[in-house]
Every structure is written in C-alpha cells, then in structure tokens.
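Per-chain residue numbering starts at 1, and chain names A, B, C and D are given in the order in which the chains are listed.
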Amino acid sequence: MSTHHFEPTHYHMTLGSHEPVLHIADGDTVITTTVDAFGKDARDQQVTERGNPQTGPFFVAGAEPGDVLAVHLDRLMPNRRIGYSATVVAPSVVDPEYVAELPKKEMVEWQVDTVQRTATLIKPDSRLGKLTVPLAPMLGCFGVAPARGQAISTATSGEHGGNMDYRGFVAGVTVYFPVFVPGALFFLGDGHAVQGDGEIVGTGIEISFDAQFTVHVLKNRTNRWPRGENEDDVFTVGNARPLDQALQHATTEMLRLLQDDYGLDSLSANLLIGQCVRYEVGNVFDPAYTMVCKLSKRLLEGLRR
Amino acid sequence: MSTHHFEPTHYHMTLGSHEPVLHIADGDTVITTTVDAFGKDARDQQVTERGNPQTGPFFVAGAEPGDVLAVHLDRLMPNRRIGYSATVVAPSVVDPEYVAELPKKEMVEWQVDTVQRTATLIKPDSRLGKLTVPLAPMLGCFGVAPARGQAISTATSGEHGGNMDYRGFVAGVTVYFPVFVPGALFFLGDGHAVQGDGEIVGTGIEISFDAQFTVHVLKNRTNRWPRGENEDDVFTVGNARPLDQALQHATTEMLRLLQDDYGLDSLSANLLIGQCVRYEVGNVFDPAYTMVCKLSKRLLEGLRR
Amino acid sequence: MSTHHFEPTHYHMTLGSHEPVLHIADGDTVITTTVDAFGKDARDQQVTERGNPQTGPFFVAGAEPGDVLAVHLDRLMPNRRIGYSATVVAPSVVDPEYVAELPKKEMVEWQVDTVQRTATLIKPDSRLGKLTVPLAPMLGCFGVAPARGQAISTATSGEHGGNMDYRGFVAGVTVYFPVFVPGALFFLGDGHAVQGDGEIVGTGIEISFDAQFTVHVLKNRTNRWPRGENEDDVFTVGNARPLDQALQHATTEMLRLLQDDYGLDSLSANLLIGQCVRYEVGNVFDPAYTMVCKLSKRLLEGLRR
Amino acid sequence: MSTHHFEPTHYHMTLGSHEPVLHIADGDTVITTTVDAFGKDARDQQVTERGNPQTGPFFVAGAEPGDVLAVHLDRLMPNRRIGYSATVVAPSVVDPEYVAELPKKEMVEWQVDTVQRTATLIKPDSRLGKLTVPLAPMLGCFGVAPARGQAISTATSGEHGGNMDYRGFVAGVTVYFPVFVPGALFFLGDGHAVQGDGEIVGTGIEISFDAQFTVHVLKNRTNRWPRGENEDDVFTVGNARPLDQALQHATTEMLRLLQDDYGLDSLSANLLIGQCVRYEVGNVFDPAYTMVCKLSKRLLEGLRR
C-alpha cells in the first residue's frame, strides 16, 4: 500500500472516462489538492474555468464494473484563508410568490482559520457583523466515471456520485461508489469550508483543499447508489429531482444495504427503519437534488453477517 | 391563569369550526388526554373511530384571525404500556420498481416503559429480537381550525397545522399557529411514543397520551405557517406535496421569521440561512408532506429586536 | 323524471355536508344559475364573496356511499356579456429564475357573444388588439360532498371533484363522481367562457352561467376518482400535486375503468393504453393540479361488457 | 444545397462531441436510416447494442454556439414490417399502491403496413384481438451535442433535445435546437411507428426508419430549449423531472418565443397564452420527462416582426 503525492495540472468539468492522471492500487493513499468551485487554487489564483473543476481521475487497479470503490476521506482541509459564498437563496427553494422579494445577489468573503477552526464573514458589512461559524470542511463534488460512455457535468449528480453537496461528506467518512468502468476513475473537487443543508444559496464557503484519501476495491457488490459510513451511522445517498425521488432512491438503497450487509430479512429491514430512520438533505440547488437516509450503527450491533 | 383538567368524551376527525369543548383564557394551562391514531384510549379500548381522532377544540379567549396562538407543549407522556406500529414502508417512499419487493404489511406491538423511557418490540418474533429504542414522545397531529369554513381531515396538514408527524414536536417545544377563526380552536391527538423521520411506515409507535399544554395569544402577527422553538433552535414548518414545495414553504417562512422577529434585512436573512440552515423531514407519508427549516438560536443571540 | 328550476339565494365556499337547497330524484334535471368566481351574477352584481362560490348542494335521492353520481352537463351558457380574466401566468408555471421578469398583474375585460360564440378582448389596449377567440363554456369547479365530515375549499380539488379547471368539462359531457355521503350533495359553479390548458393565469374568462344538468345514480360502483365521457372519448381525472401524482391517479383510474366497464384483463388494459392513451392538462394553478387520461371510444367498440 | 445519402455503420449511445460521420452545409438534406431502440435494423437484425442508438453526428458547417439549428423532418417512415412494444405501464405512472397489481411485462409484436398506414397487433393473443391503430411515425430521440464536453445518455433528454419521446415529432415538423458546439453535431434515432402520450409502457411501437431531414443555421438566437412548429402550431419543449418542472421550462420558453419572434411585450405574451395555451405530454417514462407548450399559429397571424 503506497502513498502517492499528486499535484494536478489540469481539471475536468465532467465525470467521464477521461485519461487517468494516476494509476493506484487497492489500499493506496493519495495526497493531493483541489481547486475551489470557481477554479481558484491555494493562492486564490484562477487556474482553470469555473464550475466544480475536478482533480483526477485516479485509476484504481482491479476495480471492475460490478465492484464497489470504497473511498476513505482521510483529510480535507482548506489550504488558503479566503473563502467565497453566494448570499441569496435560489428562487427554487422559496415560494414562487416570494421570488420577487429576494434581494439582489452578491458574493461575500469569509476568512477561514484552520487553527481556530472557524470561518468569519469579513465582507461586506451587514447586520450580521463578523458572523463566525465553526469550520466543517466537506467535499461537494466527487465520484466515479458513469456507465456507457457518459460524461456527466460536475453541476449535477447521479448513481456515480458527482455534485451531491452533502454536508456529511467530511474527513473520517468512507463512501462506497458503484464501479461502472474498469479502474473506477475517481474524481474529487468542490471543497466547502462550511455549508448549510441544501446548499440553498448555490454555494457553501467555497475554498481550495488539501485532500487525502485511501481507496479499497470491494468485489462483486450490488450497490446501486453511493453508500457511506462514519463513526456513528451508515447511510445511503439518492440523487434526483424532485426531492421525493431522491428520498425514494436513498430509502430503497437502505433497505438493500440492510439485507446485503446485515442479513436482515425484508420485513425486519422495513420495521427497523420505520421507527429509527433519519433523513438529511444534501443539496436542493443542483439539477439533481440529494437526500441521505441514515441509520445509527448502534441499532445494527450484533447483526452484521 | 388557570389550569383546566379536561377529560374528552368525543373526538373529531377534522380540524374545523366545531363546537368548543372548553373555553380557556390567554395563559391558561390544560391537562387532558388523547387517544391513539386508532381511537384507543389509556385502557387500550376502542372509544372512537380510527384516523387520528382529536381532543378539542379548545376556544382561546381573545384569539382573533391575524393573531398567533402560541402553544407550549408542557408534558406529553404515554399513559399505557402497549404501543402499535406498522412495519412496511409506504410504496411512495421507495423506487416504483422496488414496490413489488416490499413484504406483506402487518402490525407489531411495542412495550412502552415510561420509567426506563424505552420502547421494546415484543411481537412478533423477528431477526431484530427485542429491539429497544429510547422513548421520544411526540404529537403527530395538532393545530387550529382553518379559514373559510373548511373542515380539514386529520389525515393531512396545512397552514393550520394538522397531521404533520414531525419528530420534533416533543414536550418543551412552543408551537406558533396562525389564527384563522375567533378563539383559534385548538385540537390535539395522535401521540407517538417513538417515530422515525418521515413516518415512512405510516405510523410511529401509536399510543394514547396524558398531555398538558399552555396557550398564549400573540396579537397581530404575520405567520403564514406554523413556527416553533425549543431550547436550541427556532424553526418553521411547511406542509405540502411534493417535499420540494414543503421545503419552499418552510424556507420562505424562515426568511420572514428572521425579518419579523429579529429585524434582519432581507440580504442578511438570506446570507445567514445560506451557510447555517438545517432541514428536518417531518412526514413523507400523509397527503401533505412536512419539511422543517431550523436555525440555531445561538446564531441569533443579540439580534432579537 | 322532473325538471326543477332552482334560483340560488346563497352560495358555498366549501364542498361539504351542507344543508341541501333542493331534493331531486334519480333522472331529474335541474335548471339553475351560477355566479362567477368573484361572486358576481348575471347582472354583474356582487351577490356573495369571491372564491368560486357554489350553487347547491342538490340532494339526490337514493345516492349512497359506494354509488356513483352521473351528472350530464346538458347546457352551460354565459348569461351576461362581460367576462373577466387575469393576465399574468402564475409564478409556479415558469422557471423560478424567470419569475422576476413577469409583468405586473392586472385584470382584463372580455365581451362575450353567445350568438357569434366568441369572446373578444375589450380592455385594456394591447399589442393583441381586439383578440377574438371561440367561445368554449366550461365548468371550473363542481363535485360532491367529500367523506368523513370534510368541508373542502372551492380553491382545490380531490376525489370528490372540486376546482379541477379542466377545459373538457363542457356541455354534452357526463361526469361520474364517487358518492361519499347520502344524497351525494352535488355543487356547481365557477363558469369559464374560455380557458387555456392549465388555467395558468389563475382564471379563465370568468363569467356567470345559465346551467342545466341531469343526474343518475349508478349503484355499487368502484370509482375512486371522477370519470367522464363525451361523444368521442372516455376519460379519468386525477387531482393532486405534483402533476406527476395527478397523472398517476388518472392513469390508475383508467386501468380500473377498462377492467370494470369493458371487462379487459389487466394486461390488455395496459397494452391498450400503452400505445393509445392521451393526456390533457386540467389546471396547474390551484393547490391540487388536474391531469386527465383519455381513450378514444372507437378503440373500445365491441368490448363493453 | 446538396442532398446526401448516408448509410450508418456505427451508432452512439450518448449525444456528445463525437467524431462527425458527415459534414453538411446550411440548407443541405440528408437521407439516412435509423435502427430501432433495441439496435435492430431494417432486416430486423441486431447491428448494435440496445438503448436508442443514434445515427450521426452530422456536422453542420457554420453552426456555432449561440446559433440555432433548424431541422426539418422531411420524411420518417418505417422500413420494415415488424414493430415491437412493451405492454405494462411503468410503475412510476400509477399510484404506488397499485404497482403490485400490475401484470408481468412481456414484449408484443405489431405488423406495420406503410401502404394502409396501420399498425396491427399480431402477437400474443389477447382480449384486444388484432387491434389496429393508425400509423403515426415519429422520432423518439434526436438532438444536438450538449455543452461543456458532456456526453448525455440517449435514455434521457435536456436542453439539447435527446430522448423526448413526444408524439408530435412527425414528418413535416421543424425543430429548432440551441447550438452548443461548433457544427451543432446532430443525431437521430429511436423511431416509433405509433406512440401513446407519455410513452408510459416505456416504448412506442419500436421500429427502424428511413429518414430524411434538412438543416438550416439561424444565427444568434436565444433559444434555451427546443422549439418547433408544424402547419398549425408553434411549440416549445421542456425536459426535466418532475413534470411540473418540464412544464415550467416549456412555458417560460413560450413566453420568450412570443417576445423574440413575434415582438409581443411581456404582458401581451402572458395574456395570450393565459386563455389560449395548449399543453401536450411528451414522455413520463425516461429520467427526464417532456412537456410541450403549444399555441395556434392562427392566433399569431399579423404579429410576426
């Protein structure tokens, strides 16, 4: 198991079967960087076009269609002090009658302090003053190459992952992607220092990242949608519009997960989530919305096959 | 400010302008009981028809259309040991292609222990054994009489409240309902010992309650949708289908709340929720779904007008 | 079979179990009038409040829950020359980003000529000049009292009918409503001289009507949603939000209709609509949207049981 | 202006920036063939994989991003006698509770007679006998390469066209696509001998086509979505899920069309469609649904700039 240091020199605006930038092995770790959603790097310099440019793809030896790529997010940390966010909620997240009352959009600046672990609003002046919120670095857009020669925009998401903008994709999480092409072709980008649920203004606090991740190939799995786990929970991710359909995907995948990974019969899986499920809203801004279906691992102790 | 003890003798299947069962004053407290969703009381006896029968309505002196009725949920406690739940998720919360794989519905029984504060699955036998979950009593259906002579089924919800099935409606919460008719006409029922997000099997652990609440009339407010607060958060509630529209209602109401109650200008309100909002899923089972938009009170310290 | 002349003296803003204004028998005909959506009568005088005031309810002897009420719309004709319409599409029917570009709402006036069978835009002046469109009188809101004591606003619709705003509800059509309460309790109102699909500005050309209808009771039927037929087609009506759910209701009801009324097996019913179905959009403005599922009667010749 | 005869030797499963198969000029006509959705050609032989394989792309000289490609469908005609269709409606177009009642899927065969202009069900035997329906050949999937390097699956649709499955795309229609890449890169495939609204069983009567089309480049236009016209109507096409959003796109594009092409002010455009618009349902089966917004050309006489 090797550790690779990879410095990107170009970026991708789609997740597709692009030329790999690096071949890595099952169990390998990659230390790399991502530019922000606007294409700006650690020096706040524009190095590529805007729209969630992706670092990668990384070809993972041995990953074949029908497998799962497990990606452990080892470390996600802003690598500059300035972050940018939008200010006005999308017209699609308020009542249509209220849209005309939304103020004019502008971008604001935040100072990100990775030592104090805070983000502080520094510009412009507002009633909120120097609003300070806890740093919570997360990846907005990452995933694998989709099937059948598709090249899917980094604006949206699907079974392959992509622009899910889920606040829960933080360091310490493992994400399980279905593999659609040989080598899986993993991409990552669009770091947020902080993000509200839904990414309702269309941005988190957008910032470039130092990122480290470790991959494993799990052979012959049946994931249809991304799955994940952190210390406390297992979860599944549905990406679609409307939000109702994203929720259907995530709930169905959770029922499958409980049967696949914990050997529950269908009735037990249904009964368990009926009283114990938690949902979290990923994004409600992008072309596909994201809903996360969670279950506490404590409930599953002793059940794993 | 008086405390009333009220024992219901009949129940309502709609929230409407029905004959009040009790007249109470601003600041008064009511101690009463609710039957479960199936019409069964503290002795597990069927005393009325099924479908979220409501205790009430309570006429609150001085409440007029254009006011807000603040209802503090003082105490919500199961008053029997047996609870019932469904077992199979609604076909509307899984992928349409997966519906045919859902198992056959049945009802299960839970033993509710208000001392240990647990609910334990006691029937039938399953892979889950004696699954035990923490007691978290909440009201599924409550609210006020709607406008214009409507009588709205306790199966659904709207601006008046109703069958929201939100896990956050626990003791200690204050809920703010718009008032549509003189006296507001407050109803309550449909207690759950425990409920998962979304009420995706169509029930929580359904049980009868001892309930205590205290009312206040706030004059001349502009709430369009129910609002609430607990120790940590303020929140707004949107009820509609699809979930996207429920989210629109809740988000719009939060923007109004921040401007009404905290004097934020529109841009500051947008900016604040952009990076700090939290959403919670109420129900995704009933004819109208429920989405809750939350904000930490800590963020609002020093801002209230 | 009698013909009744009924002149309304009050109107209802909900479809509910209100005191009947007239008892009629199976096979009877009623000649009556309706006011427009704003509560204005044949003399253009405001005689009741706005919001689709309903004439009725008519109690139909012998109609019981589980039956169907067949209502033949014998005649629907504007009874004054002035009609009113809104001008600007609802913010919910355009892209959220486009809402801010919508012009300011105003009401316009149309001259309705029942001899020439035209409606002509007379006020204000616009690029459209004296736009003249063919008269196509239809009922916007009509139906029966719903189940379980509900009183449902004339703003919306459901299994009981209500504010469906479907352009196809013209004279010559027979509509089949499920009966939920003894006597069915039939209501009608909200006449439009002309209406576009979707009622996307929130109004047709709103006008008062002379109306004549004839009722029949069909015993022991299984309709869940309104059904209808005209000379060419049979159709089913789904009312819900989003439009996708309205379409699901209408399609399901059509599959049931083909099995109930024409004795098709399920596979034949599916196969037939697969290549032959037509959909029409009722309203996409009201709280519940309306989708109509149609099939040419020619395809069904020789199949009726 | 030349006429090209082009016989495809390979097909594409995405609309993307693939190597052109032919360079053509503004005003040129192409006579070619398409295989059916299953990859079968005029001899009913499988020549490529299934999933709406596309003939093309055709590079149109002079077409640049910001232009519009006008494609006149000169001729669309089945070139074999056997057509295939599915039989059971998608679980997503019926009530979730009804899904379990749907019959088992199978494929059926139709005999297509281009002289009599009919399609006749020939296999299997059913209650419908030799159901015969009028031939109505249409293109299910066609369009141009999307922006930003995307390669979008032929299963779905978007601003670039794609798998819209709209019954109105017949010979005689002109379709106007926004151009996103140099040369526009036009693709076509997925012919249907007949199709019901919504393509609710997931197929029309799938068949290979002889196809002829003629292209024109319109410089510097502002189409966001496909537009079209036939002898009677102009129309706009929105592709998205849910159907409500597809309708929003189509309605917005119609308001733009009336202002762009007919010089109407915004209020006149709104007023006109308010009482005169017609909607048609394209597909409600594919990942993106399709809604068409139509207006009679007769209403626009004398208005064109």
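In the analysis below, a contact is a pair of C-beta atoms (placed from the backbone, for glycine too) under 8 Å apart; a residue touches a chain by one contact, two chains touch by 3 or more.
Given the structure is predicted, the values throughout are model-derived calculations rather than measurements.
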*Of A-B and B-C, whichever chain pair has more C-beta contact pairs*: A-B
*How many angstrom lie between the CA centroids of chain B and chain C, rounded to a whole number?*
34
*If you average the CA atoms of chain A and of chain B, how far apart do the two points sit, in angstrom?*
32
*Can you list the residues of chain A that touch 2 or more other chains?*
92, 96, 102, 241-242
*What pattern do the touching chains form: line, ring, star, complete or other?*
complete
*Mind pulling up the chain C residues that touch chain A in the complex?*
90-92, 96-97, 99-100, 102, 242
*Would you pull the chain A residues touching chain D in the complex into a rising list?*
13-14, 16, 51, 148-153, 240-242, 245
*Contact set on chain B toward chain A in their complex*: 85-89, 92-96, 98, 101-104, 106, 108, 119, 121, 126-128, 131, 133, 194-198, 200-201, 203-205, 241-244, 247-249, 251-252, 255, 263-268, 270-281, 284, 289, 299, 303
